[in-house]
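All chains are identified by letter, namely A, B, C, D, E and F, in their written order; residue positions are counted from 1 within each chain.
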Amino acid sequence: MILHKLTSSPFKDLSLQHCLQRLGESDGVLLTQDAVYALIHQDIREKLNALSGKVFLLEEDADARGIEANGNVEIIDYEGFVELTLKFNKVVSW
Amino acid sequence: MSSFTLLVTSAPFTEQNAYSAYRFALASVQAKHSVNGIFFYQSGTLNGSSLQLTPSNEFDLYAAWQGLANDYNVPLMVCVSAANRRGVTTAQEALDSDTPHFSLTPPFESVGLGELAVLMKNSDRLIQF
Amino acid sequence: MSDSISTIAIINQSAPYGTSHGQESLDMAMAMSNFGQDVSLFFIEDGVLQLLSKQAPENIDAKTYHKTFPALEFYDIDNIYVCKQSLKSRGIKVSELCIDITLIELHELPTLLACQQHVMSF
Amino acid sequence: MSDSISTIAIINQSAPYGTSHGQESLDMAMAMSNFGQDVSLFFIEDGVLQLLSKQAPENIDAKTYHKTFPALEFYDIDNIYVCKQSLKSRGIKVSELCIDITLIELHELPTLLACQQHVMSF
Amino acid sequence: MSSFTLLVTSAPFTEQNAYSAYRFALASVQAKHSVNGIFFYQSGTLNGSSLQLTPSNEFDLYAAWQGLANDYNVPLMVCVSAANRRGVTTAQEALDSDTPHFSLTPPFESVGLGELAVLMKNSDRLIQF
Amino acid sequence: MILHKLTSSPFKDLSLQHCLQRLGESDGVLLTQDAVYALIHQDIREKLNALSGKVFLLEEDADARGIEANGNVEIIDYEGFVELTLKFNKVVSW
């Protein structure tokens, strides 16, 4: 029950790839800052779509960058971000 | 009601992380959760520099941190060893090292890493930015 | 090594907002042009994301610096090159960008940089 | 939420010297242990490079902090986990490391983190 | 004999880049090349903070920059706008903004980006770190 | 005749990959700082070996990290680094 918080673009570095390789059964992925560009990265987007219900997108960061949610990504704002960290047992920041 | 410790390891302006931490802290206290403290480490200690001059048409994160401390009593703790090597020093530290100037003033406080251990022990979640 | 102007290429390879690279690169470009240098801008990889029209950085209290790009022509910065492959791999169409640009292929970058005296990258 | 000690996992994923992450992560680990916390260290991806015996950072005036790793047992930090796949993809043998470690598989990381109260990463 | 301008855009200690720039500058002047100037921009401006307190058993990059300026007359130029927002300010800038303290002192100088244009125009190579 | 200066690990980010995709005929590649780990990255090492005579390794950074030169990589120290920037027409830092 770990929430993995991502901040960097998957076109730039490999942290999202490395995180997905080690994802536990009941873990979740939260895309913030430049990690919201994962939704326009074809390979990564397919991997995220396979994780239905476990992928979250920070609305403020996505809107700032002009990125729209697609697939089964759940959109949350900062208030939802706070609650999400409490639904999971702990948060790992990559 | 849950309790948080935030660990900020990124410089202001240069990276978005410190701003994100501020937004998270504000959303937490507005939702009536308790933020036991914001602990600044590594480049995050630069958030504590009172010498930052933000252009008037840009978001002033230093003022925002001050507001969070004043309005919600959130402690702003800066790791002394990480801060000093980056030029973030208190009046006392400046005096001890014969430097005439300093940059860290309240509500930011200069503390050791032990304070982080205490914060974490009493918090439901540690969130790193 | 003369009093004549320099030609300067500025490569933008970073996404906006996550770091200050984009905003400070634009500051650099305008300053260099103001001081009479001949500036060309290259947007490659995540740098192309800076040019999207549909951005709304006020959501994260960031400067809407992308609105300055259309004004670059008044700063005599006319050479704005964008990597075609970088747009394609991100699913971005030229019509989604906020300025007129010149599309270049991957391998054209070294050729175009060859004509420049100095190169910076952000 | 008690006066008892916390269990803390520190993930090291960065190469040494290029950034200060490695050195400041070690400072953090030792301080947390000094203040009575139960610290476990995880070395994954480029973090495993911090553990190479054959480093000589004096060539770049950097601190030889990797020589502190063998002393971690005296700080009561005994749980040191290293990702097997991260070593393999870098062609590194366990015998090239400067301390005794416990090898873990990729998928063991979430399981081991599950037992920890808090996680930091550097 | 060739001439260089170095553009340093990375923070000291936190990243190795600023140190690498110093080593490159030193190797250049020792090989009788001329370093027209080191220009500090973005996080690189933090190199100019005189408030940095480096632990005695670690390399003091601030002192090394000072040595380079004193021994080889290499100008150390800090971009004023990038520096001010990061808490690197001169006595005059502090006075103008009613801040009692400042952090930038000679041999570092606070300049505008125009100085970089002049440096580059007169240099064979620009090397960014 | 561009010298491409790299500083980050190819296991962490994609800057070396992106640089190699755009390499000109007469360009060179200089591995400094964490980019010296390129020599223990199997895929990248093969690509670099194919660029015989055009790949340079900064000795101080490699020695610091315990990385040995292999293949056709030319080792240079800081003095050689300075001269190398003059053999090429310009330097791009990635």
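Following the convention adopted for this analysis, a residue touches a chain if its C-beta (ideal position, glycine included) is under 8 Å from a C-beta of that chain, and two chains touch if they have at least 3 such contacts.
Keep in mind that what you see is a predicted model, and the values were worked out from it rather than measured.
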Hey, how far apart are chain A and chain F in touch steps, shortest way?
1
Busiest chain-chain interface by contact pairs, anyone?
B-E
Could you pull out the chain whose C-alpha mean position is farthest off from that of chain D?
C
Based only on mean CA positions, could you tell me how far chain A sits from chain D in angstrom?
26
The distance between the C-alpha centres of chain D and chain E, rounded to whole Å, is 34
Distance between chain A and chain C based on Cα centroids, please, to the nearest Å.
28
Hunt down the residues of chain F that sit against at least two other chains at once, touch-wise.
7, 11-12, 14, 33-34, 60-61, 90-91, 93
Set of chain C residues in contact with two or more other chains
17-18, 20, 45, 60, 62, 117-119, 121
Enumerate the residues of chain E that touch no fewer than two other chains.
13-14, 16, 20, 23, 42, 58, 81, 124-126, 128
Strictly by the criterion at the top, what is the full list of touching chain pairs?
A-B, A-C, A-D, A-F, B-C, B-D, B-E, C-E, C-F, D-E, D-F, E-F
Given the complex with chain F, which residues does chain E contribute to the contact?
2, 4, 16-17, 20, 23-24, 26-28, 30-31, 33, 124-129
In the complex, chain F touches chain A at residues 11-14
Chain C contacts chain A in the complex at 14-18, 45-46, 49, 52-60, 62, 89-92
Seen from chain D, its contact residues with chain A in the complex are 11, 13, 44-45, 106-107, 109-111, 113-114, 116-119, 121
Okay, in this complex, where on chain C does chain E touch?
1-6, 8, 20-21, 24, 27-28, 31-32, 34-37, 117-122
